[in-house]
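Each of the next two complexes has chain A plus one other chain: chain B in the first, chain C in the second.
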Partner chain A sequence: MYDFKALYEAKSVDEAVRLRRGHPGARIIAGGSDVLIRIRNGKWAGAELISIHGIDALRGVKLEDDGTIRIGPLTSFSHLASDPVIGTHIPVLAEAANQVGSPQIRNIGTIGGNICNGSPAADTPPTLFVLDAQVELTGTEGARRVPVRDFYIRAGVVDLKPDELLTAVLVPGEAYRGYTGHYIKYAMREALDISVVSCSVNVKLTEDKKRIENVRAAFGAVGPVPLRTPGAEAAARGGETTERTVKAFASAVLGEISPWSDWRTSKAFREHIAEELAARALIRSIELGGGGIHA
Partner chain B sequence: MYVGKPVKRVDAFDKVTGRARFTDDLCDKSAYIARIVHSTIAHGKVVSFDLAEARKVKGVVKILTCFDLREKHYFGTPGHPYVLDPAQRDVEDRLVLTDTVRFWGDDIAAVVAENEVAAEQALRLIKVQYEEYPFVLDVQEAMKDGAPQLHAAFPNNILEHTGIREGDYAKAITEPGLIKVEGWYETPTMQHCHIENHICYAEMKQNRIHLVSSTQVPHVVRRVVGQALGIDWGRIRVVKPYIGGGFGNKQDILYEPLCAWLCMQVGGHLVKLDVPREETFVCNRVRHGFRGHIISWVRPDGTFAARKLEAFSDQGAYASHGHAICAVEMAAFRQTYPCENVEIDGWTVFTNKPVAGAMRGYGVPQIMWALESHTDEIAAALGQDPIAFRRRNLMPLGYYDMFGHRKLAADSYNQCLSKAMEAIGYDRKREMYRHQTGNIRRGTGAAVFWFDTGTWPFLLETSSCRMAMNQDGSMQLQLGETEIGQGADTVFSQMAADTVGVPIEKVHIVSAQDTDVAPFGTGAYGSRQTYSAGHSIRKTGLQLKQKILEKAEKLLQISSADLNIVDGEIIHIADGAVLMDLGTLVKEVQYSRSGSCHLTAESTAHITAAPYTLGCTVAEVEVDIALCKVRLLNIVNCHDAGVLINPALAEAQVHGGMSMGIGYGLSEKLVFDEKTGRPVNNNLLDYKLSTFMDHPSLRAEFVENREVTGPFGAKGLGEPPVASVAPAIGNAVYCATGVRLKKLPMDPPNLYQAFCEAGLICDERRVDA
Partner chain C sequence: MPDQYKLIRCTVNGREKEAMVDVRASLADLLRNDFRLTSVKKGCEVGECGACNVLIDGESFNSCIYLAVWADGKDILTLEGLEGPDGKISDIQQAFIDEAAVQCGFCTPGAIMSAVEILNEGRLLSDEEIRVRMSGHLCRCTGYENIVRAVKKTMLARLSQ
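Let's turn to the complex of A and B:
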């Protein structure tokens, strides 16, 4: 039995926006895998809920003419993981979606919730960060687009205005064409877990596969929000695909992340793992791009 | 014959189709919902409550606090048989609600409401004022002079200290040429995590309390509820339906007394108390955390000169099973590797933490982590093969235990080790993994376990059984021993079918125990169900069979000595001819106009034996050193549990125990905030129970040496499968990396610390706390 005050079910984006305006304190519920937990643990007990679960227009993945991949925020992790457009163009996002929780959670949880929840440890954001994804936010005044990197304000807080709804996640063509990427989730067990550290890297190799033309890296759970590591990217950009480049890249990461110590584990451990994941994700991305690591 | 065959579970179809009813399914929807107010300090006194806001919540029926408890009846919670000698009874230190808070989560008040939402809302609005005391979380800190004291009757928080002295330890260690091996070992507080949380409901009918509870020990619940409420035991009726696991947590009397008391405070109205998972972790029972110090003095030839153990068992805030767990640890240490000169001390100590009780293995998983890690260290110090060292020193065939009056009648250890090693290719892999470099390394390791089943001679061992014939030749079978998911009802049915001589489909087991009608039994614990119930099933079955054959003698005019019952029919032994089917016989007897008789039998078996059950685990791991991760590649357990009544269920039982052992070894620990004493990971996300993805394929092997004291050659199997898994994994990690883990679990943070200290990783960087 869940303690909520009211449930408003929106059938369209317009209706959802109207409901947002009419019920300023209400919470948006999509899959419910985060919201219901907070109601149960008392944090959001007695909340008003606006369900967007029924807005089918917000579900599914489309490849637009200009190469942009448009992901509906209500797309579940399991649909994302098996979607042919994602599988063909950005398989690394499917990999990330497949590592969320458990099959049951992947069936109900959505990519929109994964972002709007604002968690630094969510599985899809690091990959969306390295794909230079944008989020489309629709409100009374119409739609605006914001890079997902700027959408995160602080832990648990995203730049969603009181009347707004996340209506799309957009991955531009130039961000994935020619790139290969790899995502590593590091958790204390192999399923049903949240990242201790996560890392997504993608690379574009030169034609001869000997150099890194471009590289992007992002981390989860090592700061209040997911974060890119531009310094590390710069350290590897233009570099040869060698152990030395990998090492320079991985150690540069340490200056750009801010993990913490808590009961789960120590800052030193998180740093150690972040460095190790950075190296492994870069190596794997290079291998996927047809390159190899040389001494 | 059914014994020895993989008969399908009698409850399989009901359970997989969802027809089986559990406590919550049975509770009427009109029930009031009870929720407990738990203390948010670790040690202190409740000064007052402010209930004004909470009482205003619509749907709240009544809020009861520790100050409403007019009569204070202290009670003990372990699901043990009653002990006639008051001096030998379990410590009685609990009240249904307490104003003295001894751990974060102690039960100080309760809300009774019309529905869950109202109960929850009221809970959040209750304000409590405390007088706070300092608290102590560490078992050795708690023993120090000046440490916060939990119970006035137990100075230095020591619930009990016992020692064992054999030979002359001090003299023995002066022998020249001895090698000393010493180590400290630690295991964490953990929880059972049975799938069905503890739940019970109570209502009053005809001035009696009717309780339905998810318990392993219904008859003990009846007695303890009587004690806790100060009312006659006969005024309490307890029903135990199907339960979703217990693993020892539900061998304690948990919230049945509180639920019954709340019911009485609201005029006998039906009250349901369903414990949320978060509270199950904190306010039910946990596995005792353990710290052990072992010193071994060994000769270069691989024999022991002297052995010493200091064991510290973390009892948490109340006595529950108390020192019994520590005593088992001490016995296991002493007997697994017998030695002439032994010095053993064990302390069970109160701390301001959740109450430790029974959990699958009852101390043996703790001591085996210490002992079997240590045994590998001895072998390494001597430069000997760890298995060869074990074989030389393990409890030998013919070993006699003076206290339990039992003799080891089979060479179980050697047989199990050989079988498990062969299953995993131990020798070949050990050789293969000898010289590894690089980040990914593999290893194999072995560990044995010692376990004594049942509770004799410490406690009463008794089992009662009732059988009644039906007109179609089928029979009802009733026992006080309980089905808790382990498959007891199925093996009971198999043993009954064989004893009486009926097809198993004709044995109708009454799964639920209702203390108003079920025969007396003490319930499921100590890996005793098959063994103990076997005795009463055999005794009762033979009585019933004799009665049937006597009736057959009259009806058929053939001496009962010449008759037998086979497959539900009376046969003539001489030629095997079928003379009459049981259905016809029962009808003739039951409706006889000259001497009608209901064919029933009932008896109690008083049991005065408790066999050892021994075995081992062999594991193979792959360690990713830089990622501080252990991946389990292969694992095999081998057990000597005597004759297997049902090999398929035995295998399932071993798989389940191995799975718990994997979590114990690699990931599970309940963590407490040092500043407040609050548990921080009391949920199934943060408490890392292992998942299927963390398991390799599990392999169970058996050697079947017939148990001479057992009615069907069988002995206990329920608990031991968990016991040797963690040390086998630890020894495999040592084989792979050369790093010895002393503290469980072998999870990434602990591996990180161990690998850093060993210089395998983080050579330049600090190791922070």
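Let's turn to the complex of A and C:
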């Protein structure tokens, strides 16, 4: 038995917004794999919950006419990983979803929960950051869109108004067309472990595959929120696909991250891993794009 | 204050069921306490060990972190549901026994339900893929090797039929 005060079940987005207005202190529960853990360990014991679990309209992935990929926030990691639209256009997001927890957690956990939980170590945000994803937030006044990068305020806190819920994750066509990407999670165990550091990179190569036309990089667990590394991106943008470019890119990352020491590992180790992951993810992204690394 | 209890209808191991559930109950609570399906074990109760794993509409879920009210309208399968009409256990259960994939047995029902999810896909998986698909189960006894062997043996036997 869980220790919460009340459960309000929403069957539609409108109803969820109404419940949000009516119960300002209540917390949204989607898959529950973060919320129920926090109730169990006492942090959120006694809370009121608004369940959006039953809003089936918020599940699934759609390719819109203008090329935007619309992901329903209740889409589970396993459905995301096996979705044909994701597999064809942004396989790196499937790769990231497959790194979460365990098979059961991938059936339970949702992409919306992964974002709204606000954890710096969550597995899908770095890839959503490099895909310039937007989040659609729906409240009393209707829907607004915010770049996912701006949605994160500080560790565990996102820019969600008291009457809002996340109703879509949108990946614009120009952000993925012509790009190939790779995500790497570094953790102590291969399953059921939280990232020590994670890194997602994507690149667009020039037609002759010899230069990097554009590159984007984002990291998890190296600061209070997931973050992009614009300096490293600038260091590699326009560069040849050489070891030198990779090195310049990876070392620039160190100036842009602020990892910490904790029981998992030290700050120095996180820095070392971040630099290494950056290099590996860039090399793999270039290879996936049909290029290669030259001396 | 909304109702603390809710009437739900679901299918459990092929039978239609109805229950008044406390909204604060987990599916593991419902299956164990109301339906006496005690193959559903409570190990960690925070989603990490897989002892409480059951299939919901064919997908594996740790029932300790799934609210019982969400089971409304769902099709649930627990280890008890693997029993054949003749009262015999299933091939995957027999394989766990034959391969010594069971020692204390606490993790076994949950692990077998993940194996059922995999086997129902009817695909040939590599050893590595089997390991990944079974990675949501902590076993303090067997060292996992025999569990992988039991799943593989059953997969190969079913595919050669």
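A few notes on this one:
Here, the second predicted complex is superposed on the first by the 295 of 295 C-alpha atoms of A that agree within 3 Å, B and C clash if a C-alpha of one lies under 4 Å from a C-alpha of the other, contacts with A are read in each partner's own complex, and residues count from 1 in each chain.
The criterion applied here is as follows: a residue touches a chain if its C-beta (ideal position, glycine included) is under 8 Å from a C-beta of that chain, and two chains touch if they have at least 3 such contacts.
Given the structure is predicted, the values throughout are model-derived calculations rather than measurements.
Of the two partner chains, chain B is the only one touched by A:261; chain C is not. By the touch criterion defined above, A:107 reaches chain C but does not reach chain B. Once the two complexes are overlaid on the shared chain, A:156 sits clear of chain B and of chain C alike.
In the superposition on chain A, contact of A:22 is made with neither chain B nor chain C.
In the superposition on chain A, contact of A:42 is made with chain B only, not with chain C. Of the two partner chains placed around the shared chain by superposition, chain B and chain C are both touched by A:192. Of the two partner chains, chain B is the only one touched by A:269; chain C is not.
In the superposed model, A:1 lies in contact with both chain B and chain C.
When both complexes are aligned on chain A by C-alpha atoms, chain A residues 1-3, 190-192 touch chain B in the first and chain C in the second.
Of all residues in chain B, those touching chain A in their complex are 115-117, 120-121, 124, 626-628, 667, 671, 673, 680-681, 684-686, 688, 690-694, 747-749, 752, 761-762, 765-769.
Of all residues in chain C, those touching chain A in their complex are 1-2, 22-26, 29, 45-48, 50, 53, 59-62, 65-67, 69-70, 114, 117, 132-138.
Those residues of chain A whose C-beta lies close enough to touch chain B in the complex are 1-3, 42, 45-46, 186, 188-194, 196, 261, 263-269, 271-273, 276.
Per the touch definition, chain A reaches chain C in the complex via residues 1-9, 29, 32-33, 36-37, 40-41, 51, 53-54, 78, 101-105, 107-108, 190-192.
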